[in-house]
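Below are two complexes that have subunit A in common, paired first with subunit B and then with subunit C.
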Partner chain A sequence: MLRFLFFSFIFSLILISPTNADFIDKKTVKNNQFIATTLDFSQLKTTDNSSIETLFNIDNISPGGYQVNSLRIKNKSETDMNYFLTFGKIDGSDDFCNQLEINLIKDGQSKYQGPLVDLNLNINANNKEDFSDWLIYLKLSDKYVKSKSEFCDFNLNINAFSDPNQKSGFKYKRSILNHISSS
Partner chain B sequence: MDFIAKIFTFFLTSILIIVTSFFLFSQLNFPNNYKVLLVQSGSMAPSINTGDLIIIKPVLLYQKGDIVTFLSKNGFNITHRIVEIKDNKITTKGDANSINDQESTDQTQVLGKVFYIIPYLGYLIIFIKTTVGLITLIIIPSLIIIFQEIIQIKKNFKKLLKR
Partner chain C sequence: MKKFITSFLIITLLIVLSVGVTKAYFTSSVNNDNNQFSSGTIKVSLTDENNQEYASPAWNISNITPGWNTGSNPSIKTFKVNNIGSLDFKYQLTFNPNVPSGESNNALYKAMMVSYKIGNNDWIDKTLEDLMNDTSITGTVSANSSSQDILIKPYLPTTTGNTAQDGTFNFSLIVKATQTNNPTFNQ
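On to the complex of A and B.
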């Protein structure tokens, strides 16, 4: 009897729906900036604080060729937030995308260095911290052998969570477009 | 000692029956039924915290100051406090938020008013839905029960053979 009740109880709990996502329909996108009451971030140019839509736009990259860009992520929220920087392929050759390497440097320290496609970097942004500046070094592997014209269009995704465990709270995703081609 | 154990089992069984029936009944979709919802964000803190369960029920008249759950345009349940009612539209705000919600809501979209808050029980639900929770609260107990049943069947079978 107790066993049956125990499982019924667990089952009844699983059925309970959530009430959350308070800000999903409350956010407005204005000048590429998320405005919400407790989770608010923007990606900006480090030169003039204007918003960034595209970070890397490189044509004719050669093996070993690289470019360095900077990105400012500003946490304007009332709470700390965790965000993940991830790679999201849009279009192009898998082989070519696999040959791209990225080095993400924050406060003079490399936070991730490796294949772009494996990028999954978790960062905690304290709400008292005004902004975090990133130096992003994108390189085409020396080992890449150019056989034909190839390209890789991808998003640098910023997935922000107010809850480090991502179980609750608010979630936002912003993407910055990138285009790299070998011709 | 046996008497105390029996009383304990009785109370535990009764509580489980009542709570389970209450939760299961809340899933029935008929007009004016109450609903139990898990709060997954902290916008209503400190009145309602993340991990709390809330019990909502539709009422005829919603008033300024009521905490209500409404269906957003995106189809999400949102629980916030009414700060203004104008022309059948309600403006809401999370207690922890510094500004009002940016879109007003039609009163027909309101699912109900918050009547009761059960603190912390939502964390159990969140835990159950994780892999660890699923293993510890469902899979392992299920395997133990299956194992016990197999042993019992074996015993019964042996008894039957002896006869």
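On to the complex of A and C.
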């Protein structure tokens, strides 16, 4: 009997609880979107557009010796892109790396010629699907005096930025491996 | 037995006749006709500065980079909250994500900022994430064709980091209005 009274009381409470019947109206503006851009590029062979992982792989280079390679950098972003070509040492002799010289040629014009270790070249790839074809001369200085077996392993870094001043913003980086040795 | 029944029927008839006498009081009445109770209406519309209903969507912006809409001539949209009902109302305007936050790149809406200005008040800056759930953009509009202007400028700060790259934020802009004395509607 007591149980019956208890459940009857609870049921009564539920029945008499106040309903919320306020007036409400709503309007919706649908399908809005914000999409951030993507920085993306690929480094390719100029012969068949296949990907390049290693650009220079030279053993037994002599003073004054050089090699020429080509490189295509293709902007796959939806936006303009600034990229920097820089040297990044991985391993080897600083003295030997300092004796390497590079000449970067684009559209028949030399964009940088000088010590590899000082490379810091700013390029503006200002169109979607724009690509840059580079001829790259890598040379061991004539003045290099071989005293022992030395090598220089380095990355050719491609750093892309949405902000031309590189202070902030989106960025994207890829690296191409290189190996040069004197023996 | 027959006499008894006859007597009963006669007595019953006499009682009915005695009770059924007419009553002839003086009475008078006046009718107050055509009374009615009618409820008020809450009706809201959202229009642009030219009083045109907002065609969906208000924003469809792609290819956003840090610094977007931060220049000297930014894109600012006007939203007029119009009261076209018969009751004063209070309202909330929210950026409602179309997908659960865990299913999208939430770095973008965490990084994006929204400047807004309600009526003649000062500009206020909040993150887009702030405006998804809380009751920041609110106001009260009196009945019968009054309105309140809200100016909104979304932007991506120049300091935005790389995590927001390739982010997408799909959303609905929702204005919800209710009677001013609705206690369950927070402002």
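The working rule: the second predicted complex is superposed on the first by the 143 of 183 C-alpha atoms of A that agree within 3 Å, B and C clash if a C-alpha of one lies under 4 Å from a C-alpha of the other, contacts with A are read in each partner's own complex, and residues count from 1 in each chain.
Keep in mind that, in the parts below, a contact is a pair of C-beta atoms (placed from the backbone, for glycine too) under 8 Å apart; a residue touches a chain by one contact, two chains touch by 3 or more.
These figures come from a predicted structure and were not determined experimentally.
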Q. Which holds for A:113: it touches subunit B only (first), subunit C only (second), both, or neither?
A. neither
Q) Once the shared chain is lined up, is A:62 touching subunit B (first), subunit C (second), both, or neither of them? A) neither
Q | Overlap of the subunit B and subunit C footprints on subunit A, listed as residue numbers | A | 20, 22-26, 28, 37-38, 78-79, 162-163, 167-170
Q. Considering the complex alone, what residue numbers of subunit C touch subunit A?
A. 39-46, 54, 56-67, 85, 87, 89, 105, 108-109, 112, 128, 154, 156, 158-162, 164-179, 182, 184-185
**Q.** List of subunit A residues in touch with subunit C within their complex
**A.** 20, 22-39, 78-79, 162-163, 167-172
Q | In the complex with subunit B, residue positions of subunit A that touch it | A | 1-3, 5-10, 12-26, 28, 37-38, 78-79, 162-163, 167-170
Q: Would you mind writing out the residues of subunit B in touch with subunit A in their complex?
A: 9, 12-13, 16-17, 19-20, 23-24, 26-27, 35-43, 50-51, 53-54, 69, 72-74, 76-80, 94, 96-99, 101-103, 121, 124-126, 128-130, 137-138, 141-142, 145
